[in-house]
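These notes open a run of structures that come right after.
Two complexes, one shared chain (chain A), two partners (chain B, chain C).
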Partner chain A sequence: MTKPNTGELDPQDSAGSEIKSYTIGFTASLFLTVGAFAAAMSDLPLRWKIACICAAAILQIVVHMRNFLHLSFSGGQSREDLLLVLFSATLLVIMAGGTWYIMSDLSGRMHDTDAAMHEVQPR
Partner chain B sequence: MSQQTSPIFGNLDWSVTPYTDLLRDVNSSTIVGAGAASVLVLGALFGIVLLTWMRWWGPLYRNWLTSADAKKIGIMYIALALVMLARGIIEGFVMRAHQATALGTLAQQESGLVAPDHFAQLFSTHGTIMIFFVAMPLLIGLINFVLPQQLGARDMAFPVLNQVSLGLTAVGAALVMISLLIGKFGTGGWTMYPPYTGLDFSPGEGVDYWLWAILISGMGSTLTGMNFAVTIFKSRAPGMHFMRMPLFCWTSLCVAIMLIYAMPALTVSSAMLALDRYADFHFFTNDAGGNMMNYANIFWMFGHPEVYILILPAFGVFSEISSTYSGKRLYGYTSLVIASMSIAVISFTVWLHHFFTMGQSAGVNIAFGIATMIIGIPTGVKIYDWMATMWRGRIRVTAPIVYLTGFFLLFVIGGLSGIILANPSIDYQVHNSTFLVAHFHNVIIPGVLYGMLAGIHYWFPKAFGFRLSERWGRRTAFLFVGGFVFTFMPLYVLGLMGMPRRSPTFQNPDFMPWMYIAAFGGVLMLCALASLAWTFWTSYRNRDALAVPGGDPWNGSTLEWSTPAPVPEWTFPRIPHVTARDDWGECKRAGDPWRAPDEYRDIEMPANTAHGLLIAGASFGLGFAMVWHIWWLAVLSFLAIPAIVALRAMRVIEPRIVKAAEVELADRRFRQQVASFAPATRADEETERNRGVPDLSEFAG
Partner chain C sequence: MSETNLYPGLNLGDGHGEAHDQAETTVFGFWVFLMSDLIIFGILFASYASYLDPIGMAGGPGPQDLFDFKSVAIQTAFLLVGGAAYGDVSLAVKYDQGRGKVAAWLLLCAALGAGFLFFEVKDFITQAGKGGTPQVSGWLSSYWTLVGLHGVHVLSGILWIFAMIAQIATRGLDGVVKVRLSMLGVFWHFLDLIWVGIFSLVFLVPLA
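What follows is the complex of A and B.
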């Protein structure tokens, strides 16, 4: 779908496929955004709602990377693109995982007495 | 807020200036407030009159404000930072003066120069300004000026985006500045932790000024980071492999990566706080499911990489100057590269040490404490590398070397107090005390400020064609070192004695001797600021004697020293083919470095554009309108930004072509000039004999 983004592109040659790629990306993003809202407002159980929103969010990221940022796993730039994705993923895992770690610990010590006792007790 | 919001003027009315406070009650606090506002107004008036009188409006607009040249944008960043630095240092002095008079008694607790609320505004603006509008513009400006020249690039990858970033940063600075005159600034410190900064406890415009200044300038910094990264990845000269890049480029790359990944966290935390304040959300409120601790979490996810964003460019500068002024090759290039990259990545794993005492369990604290101590290792590697670079070198004690020496002595102390604070159980004892204040000033002033001033001194001739006065440069450096020692060493002692930070008053007379010493240090800092200004002025007056048209006053070894000083807008007549690390030094070793290129070609330069100015204007409208709840203006400005971008996107924009003949004429004149100068030896470096053409036989780098 997306062309490998190597070197010079001929504007005449690529304009059509560029527009096509952007249109597909825009439509997909629109659907995924509306889908997330629909899931939030639906009668689904909470667990399903969260799962739906997370899935839509991750798909949205993939769409943005492919169709708007022109990341690609083929072509001369693929190695750099892969490194970029892996590095971003590492940092996001550090940030999101760290937040999860810190906030769940704090929350356990503030509200949930069982969890708090469990943490404070010497092992 | 009690009064009605007017549909046209929002919450603005005549009672928001500090003059109203002065009229209501004349005391030292309101006099200081009105005085600061008057300095702002008079300064602005003076600037306008000067520009009109000298007929500088046209040249300012044509040559600077609409220029997309990274070198000029860099200089404008630094000019902005120096203006803000003046305000920041003066505020610091006012705080020292206040605390030296703030000894209260149990009967009369409030005393001192300014009122508690005013003091809180002072430390909030001081921190905000020094981090976001002094340190950041200084380093972004320096990178903008130096990076393309060192990489052998003509310009940044996105010159107009660069202009937009500068505009957004300037808007943030302007919002903070204007809060002196119109309304008040927030009182929550530079971090603006909720719930105190939520609508319940901080109604009014103060926190909003901070929020919009941070949101708008933070956007600019993110864009800058992308620009730097793309420039380094895509615009290097042919042959400039990664491991041939000068170390300043490497640290710039680290900064770019950290800006891209850290700034969004700040934008997110500020946007969430803004939603709390404007749209009745409950992200960080006490009730309705809010959790204010997540603010600290997200904020420091940005905040810790931020301190390494600040320090790494300074490390880059120190790598350049320690090598150049010692006449030696940089020791341990590879280890410095690895250390810089390690710092960039590890800095994302330590943020919790800014809130050890927030209540998480010991295991969490230990994990982040260990990560924090690990980050000291690459920094230590660097210090040893620079010392090894200078070891047995022919060191010239120029102003940058004074800064470097001050950095060695003081930064290590600051780093060690950081290692102490990294231990959570010790942090519990000294957190929120002036020990912490002493620690972070001890890393930021000798690190960032000394590094940036050393860099300005080092590259100044490249920008303006004349050197800065070494004598006054050294005096300034000594004053900054002395001012630092006297101001902040007492704060370590006071912190250990139990003095809380940000405290407008205290009742312990034992603090007073240390307060007086710190206040004396504040006076020295003011002297250093004046001396810095005088350095620029006296050098400007002696610019003929200090001129270095040869362009290589320090016998350097990186590409930027191959061009004339001041550097022409096209930088290189032909993009150089790089064959070695320190390519210019390699040319020197090979014999005649100033060989003219074989042929000259037309050069494409980005055309001047007012795009950045327009975006900045619209963003200022947006920020100011949101602060004062002037909804119509906010909507208008917000819509104007995409409209301006779309308008530019629909136009065909032709680059400006510099004709080959023009380049050839200028370049040939430069080469003749170089040939006509007598080479200056190391001993002549500070004298008039240094015309920017060094004695190549002395080159050993």
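What follows is the complex of A and C.
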């Protein structure tokens, strides 16, 4: 279906909101990046530092998808785009998450055996 | 935005007629490619995370010996500003601000991408000099593959930008060029997104 090219773009109308969206995205990314670096350099306990870095990364990825890639999760997006993103995310969770889980479990069973050995040996 | 987005990235809008409709299928196809690219990166992230322990480092140099906090921050800044600069490319195309402006913003993107690559390659050379070559340990292999693959993507993005500038110069901003610029935009922002994962997981978590 082709639409007539009217040449009327009403630039001021929506350019304002789009520039605003990019500006919000950039500012939020900047804060989240600085936050992640600050957390890494801070004196917080390791567990908290890693939690902060991961939270900032996930938030920033959402910001990038919303404000830079213009993927909307509230219906303003063509269905296939959204399905593809969700499908890819599911595959990632299964494959990447599964790899990481299996490898760390294996590592725990094969290498960190000092404690386990002491439990077993007396018998 | 009230109107429905037909494809990822800033949509050209009805005012661009056929280019806007053409972009729906073309950019969607490109998005399919990027999502499969995402799977590759995801698997590389998973292997990096799996190797990130003393056994994976196999007695070779570790993150504390090789990574340079300041250089990572500089690279991140280059890419983040580069991503925002492409927003201006998309807006200049959408609102017909002329080919000069589009080309100027594209050049800025390429320059920022090149700045990023300069520091990344400098880091790679320093790390190799300190004995951190890919064959030393599983952790280093996964590090070079993951970060190197992202670097190759940025390099191809820069080459693509120059190809687009050449097309703008010869063809002008016609429908085909607009669709291709939309694809390049999605690609460029996607690289930014991957870098968020890299600087967080690859650099900051081990250095924390």
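Here, the second predicted complex is superposed on the first by the 88 of 123 C-alpha atoms of A that agree within 3 Å, B and C clash if a C-alpha of one lies under 4 Å from a C-alpha of the other, contacts with A are read in each partner's own complex, and residues count from 1 in each chain.
What we mean here is this: a residue touches a chain if its C-beta (ideal position, glycine included) is under 8 Å from a C-beta of that chain, and two chains touch if they have at least 3 such contacts.
Keep in mind that what you see is a predicted model, and the values were worked out from it rather than measured.
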item: Which of chain B and chain C A:F31 touches, first, second, both or neither; value: neither
item: Which superposed partner A:T99 touches (first chain B, second chain C, both, neither); value: both
item: Residues of chain A touched, compared between chain B and chain C (which is higher); value: C
item: Which superposed partner A:R109 touches (first chain B, second chain C, both, neither); value: first
item: Residues of chain A at both interfaces, chain B in one complex, chain C in the other; value: 80, 88, 91, 95, 99, 103, 107
item: Chain A-facing residues of chain C, complex; value: 1-11, 13-18, 20-21, 24, 28, 31-32, 35-36, 38-39, 42-43, 45-47, 49-50, 53, 55, 69, 73, 76, 80, 83-84, 87-88, 91, 94-96, 186, 189-190, 192-193, 196-197, 199-201, 204-205, 207-208
item: Residue numbers on chain A that touch chain B, as the complex places them; value: 80, 88, 91, 94-95, 98-99, 101-103, 105-107, 109-110, 119-120
item: Interface residues, chain A side, partner chain C - complex; value: 1-9, 11, 14-15, 17-19, 21-22, 25-26, 29-30, 33, 36-37, 39-41, 46, 49-50, 53-54, 56-57, 60-61, 64-65, 68-72, 76-78, 80-81, 84-85, 87-88, 91-92, 95-97, 99-100, 103-104, 107, 111
item: Touching residues (chain side chain B, partner chain A) in the complex; value: 233, 261, 265, 291, 293-294, 297-298, 301, 348-349, 351-352, 358-361, 363-364
